[in-house]
């Protein structure tokens, strides 16, 4: 039996400026487990800084669990005999992301995120899938029995790549977007019934869809049908908007905030609840619907996150990281709202937990193609993950999910086979490309390839 | 055993100005069978004229088979004990069609046909499905064992309605669009190989999809792989276009002609062949692709059929009909290229025939929802029809077909439940509505409802 | 929000001599909930006795939760506004069971239980399904939103009947057989690894199959693969046998004990673990395999439970019940190993729990017909149950499960349609009837119908 | 385009004593096609004789089509560039067949044929599959585009092996058993309605199942529902029996005749018609049903074909073959009732034909596992074969078919992986082994392996 105090967790992308800290914090508070965090990043310096921050966290008296932090210069060493592999990377730089997000604007296509669905996501997938092909091979070689937890976007095809290259891999993909919507439902209970706001983990939600375009079809807090409260709630808050993390107009000052007006409008249309931030949801539908132009975005009360902002934010984060690493800024040790560490503990046999993650469809969504990566609840327990069957979506949302899911399948086949013609068919069929004519679509695709060619595999750099 | 010379064929929509004549002609040339043609039409006068024309056909020496023509004023009498029921109707008038086809133009949506897919088709379905609900009930009462052949568009949901209301119905839907594409392939063989042009029934094609958006995935003439000839053919004819029924530019003078440039472009994109006229195919894809504006239509070399033209054409046809009925114009008796009479003969046990028709999915397209109406080959033989399993479509076209098929399912549920909100979700999700924002879509939908309200069921006339 | 101290639990079969007491005990120890237990039984006297016993339990100081016990003379009153319905009945008397179990012995067919599978079970289903048809209608009328928990055997078709008659019912079926096998696996860990024996709820097992013929395909205790320990364990214990509840030869004195030799032999054959008592498992396979004759039963180390024994046991239990009701024997208040109360608490939102229950297949076993009742893990949480997808069985066990599952479907259709010919096809196709020729099978079936005719619906009493 | 007079047909097993002649005859009468028949057989002498017989057929004035006959000593040459490959072999000798058929008799298991299902068939599959693995590889190398027609039994797994080893193979399996049942239905029409007996190809039947255990679910002659005539027919002929090829008691003198009493009894039980000779059908059901002992066989009016008889018959056939080859006996040139040549002509584009053949399930039987080899109607036309969707079987026969189909899948995996334990699970689960206990089953399996070891692959010769 594995010693719970000799766990090895390989962290690919271990130079992360933000998520690494969250994760290290949560691990420091996981009293039953400890071991080694093996950091690997192509930016070695960043990984070294995180190592230092990790060591400072260890010094905190709140840190009930002390971890050994190591930096590996080669991925092989980090992976070797790992029990868990966490992957959280950004393939390419902000300059590539700038093209992903902003190049389409010339054609009237606005993307609040641009990393999952839409023209930007197509390019991001083209850069990411080949990297994940390598990861899968390395994992097969160095730690075939490890549990692999993916955080990288574009989530669906990262996970699909891992399974396609190494079918026996034990991988799943974690995303916190559904959590926010669960919190939103807790707020709804409070606002409508006047009861104390339940905690997210006190309610149960039936979740299905694809990452960032998931849906809650049923939700209960004890015997209260939370879905049945929504019409009244929406009547009250549709105009003003409502944000589960602050004031309805927080989006004015917070680039990542939103007022859930899209989500409420979608509920009015479909009677089920989109379970991701509005900024994500809108990217899976025709851009005429919620992204027609900046004015429409303002009407729906969310923001188009610019890459300039991300660059600035990153700079600040790096500075903060350096300050922490050098001890100029104190580390704070506080449990986050993420669940990755809880899932790790469940897999280690310390509890049984149900949470929504991304895995290949093996029956949990029987109306959709088997093998496509979908997001539903899964049971996590002693060294085991099993997807929970989801309630079927109504036909309206089913049509939207199916369209995007099959687009994704086309895209994956295209990247896998290094076939730009096939990738283009996914590109032009993206809902956010609905308004493009064929020649504009070709021109835009070509431009975006050129802009990011240096991070693409050779065979995906030139399109005839 | 049924007497092959006492067949009763009920013809619903028996006042047809054109198709009735084709059918009467083909029946007159079907030497093995005869009996009664029971005409029913709400326009009794037209039915009476067709009766007279039918009797004139009987007098022709070419008419090897003489049929008794009757006009029924109530559908019940026409259906009673019928062996076959043929349905070919136009629900509403050209004024409704004018709204279907032209109202969306204000929003930049151009429709060459407007009867199957796109905003016009949604309205047409709303008018037609309720009528078919009644037909299904009447057939269940008066001739439950009859074979029912549908020719009315929108094909898919007419057939679906019949099966949904009366599950034991023996119905299928016939459409000649695939035939044209088969002829196109015969031309390809001739043009590329220099061999005499084969007849359509000498080749075999694997057909799948939904009506007017069917695809040929494999095609052979003897051992010649016709699909493999297409790249060379397209290289040669893409610029000029190619029309299987005449000159490539015939579309300039013939409102229904087209140059197959869309079909060729789609083959370049997908490696399978769209199997309907270009005018139909384009309606199933984003309007940016082949219907951006009248100039694009010209580029792709087909026409937007105006309703004014249809009105004029109809007027001429009525005049011609009157002339024929009154004996002022001779009737011509000539076998058409339609197959309905051949299918009737096959069902009567006179031959076994394979032809593409529309039926509920029971495994012929196993990747798509069971019960949705799809178009594939079927075997017709002694009192029996069985769908033939189709080769799976590549993911690209699959994404397109699935999107439209599920849209159709949503539309059907909406009309069945008289639920305008649900219908609207199908409306706004039509590929031809890709460019609309939500408020424009609502406005257009409302306008189109108002325009055609008098032909809609009460509960579908007013949208909040 | 429902008051957790005004829960109404209707108990159909509330005169139970044994299971009622277990349930009342577990409820008395459920500190967070209380309310009314509405007992209904056609044997009113028994129900009255249980009411008295329940009240004595209330008086125990260990009883942290006090329940109000009521006896209803009509099922309607018991069900009215119930939050939960528990059903645990015996349709017919021991005389019917005597025929079920012993009549086939004349033909060399030995049944250790005779209530789930095999000739006896066919008759038992014929008596039970019609009763459940009535239950479903009553529940639809009096408490359509109640959670319905079935304990009655034959489990699969009881649950199927409920869903078939009232599709919106919220029902599942609980059975403890899997629990025993989980305990067996805990023993395996202890015996092979020398570690302290884990508790059943500390391990995770992937469960699939049909009730009493379920299989464990994967089992982990922390990172220990319990399945991988079985070959060594079996090598050691196959000859002697091994019983999770006592000595390997306990079966000699305990009519319900068994030595797991069948289970071990099946593991050797199939590499997955049958997850029910050997007495049940053997009834799903050809009787030549483990039930050839009493000598074989002895070889495999289990017992053929006689109905004489059951009669005697029942008599003792009634006496004990009377003694308790009259206060002559003290009640003991002790948590059982059953999970029904935990599931009730989970449904009330007090915890999230994963347990194996019987529900219609909606994707949890995607290789088997949808809608058939299968047993897999399910997630229980706030007012919600969702089946967990199961790992596919290897082809060998799949063949066995499929055979029995389809037999069950035939049987259900037969009883539903009161069609003895169809029921006979299930009867003769039972694995335990493998050795019968057709005329013996007919004779036996007829005899068994005659023996139990008074408890059969009119239309199932006479077979031509 | 292929020259229809330079067709190359490779005939594997070209030394056949009977079927080769049938095939050569039919080809001689196929006026539109000619070319080379490339005979290959491990018994070269037999192939040489058939070459001579073929040349004598060429000399007949009835032979409208003359073929060139060649004998190849290596399979490679025979296959090279073949357009069609016909395979009809007997793996092993009559001595192996003697063990297959008669060894089980010691255990009360009687097999009228022993080549498809039952203990004998398991062994036959063990000998045959490895040979077909080689055929598939050779075809992949020498003629990957050829159409491969299998006639060898055990049909299902021969065809499965071909597709499993070479997934792009264009193969199907032909069997005439359904034809006989179609003829039987023609007789039924004649007997009950008094009409002239229709020809087999004048009726249409919906066929599904697995080879030799196929079922007709619908049958029409013109508008006459042939299935609806069966109850009256069976009432009349059940006692006497009825044989479509002669007197009801022909079976007394003809080892291969039967009186269709089994088929009629099965219809009474299931309302669908078993579509193979009774001798085959009985092997797919528990041996208590129709094969309890020789007396039961007599009651059901068919025969247990002994291998002694086959040896004698073979000897006579060889003598006849020699006589024909040497010109001592005249060849007769007469169209057989087989359809292989018609299917070849259809594939060459000379007609479109619907016939029942064995192919992997791709939707034609959607309730059964995809990829399993099933027998249904298929459309044959220009270089193309497409399965026709079959009407679902009622649950009773579905249970029987599913059981045998999954048994076959287990068997295939066992042989493919050279895993005797897995093969044994298929063996003991054969319906004809229903009466065996495990130790007898092991003993019998071991004996049968020993008896035929010299024709088994090394790894299948010794069972621990």
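The chains carry the letters A, B, C and D, assigned in the order they are written, with residues numbered from 1 in each.
In this text, contacts are C-beta pairs under 8 Å (C-beta built on N, C-alpha and C of every residue); 3 or more make two chains touch, one makes a residue touch a chain.
Predicted model, so just to flag it, every value in this text is computed and none were measured.
Touching both chain B and chain C, which chains are there?
A, D
Taking touch as defined above, what minimum step count separates chain A and chain D?
2
Relative to chain A, which chain has the most distant C-alpha mean position?
D
Rounded to the nearest whole Å, what is the centre-to-centre distance of chain A and chain B, using the mean of the C-alpha atoms as each centre?
45
Dump the list of chain pairs that touch, please.
Listed by label, chains in contact pair as A-B, A-C, B-D, C-D.
Taking the complex as given, what residues does chain B use to touch chain A?
Residues of chain B touching chain A: 269-270, 286, 288-290, 292, 296, 367, 369, 395-396, 398-400, 402-403, 406-407, 409-410, 413, 421-422, 425-426, 428-429, 434-438, 440-441.
Can you list the chain B residues touching chain D in their complex?
It comes out as residues 1-2, 193, 195, 202-204, 206, 218, 220-225, 348-349, 352-354, 362-366, 370, 377, 379, 381-384, 386-391.
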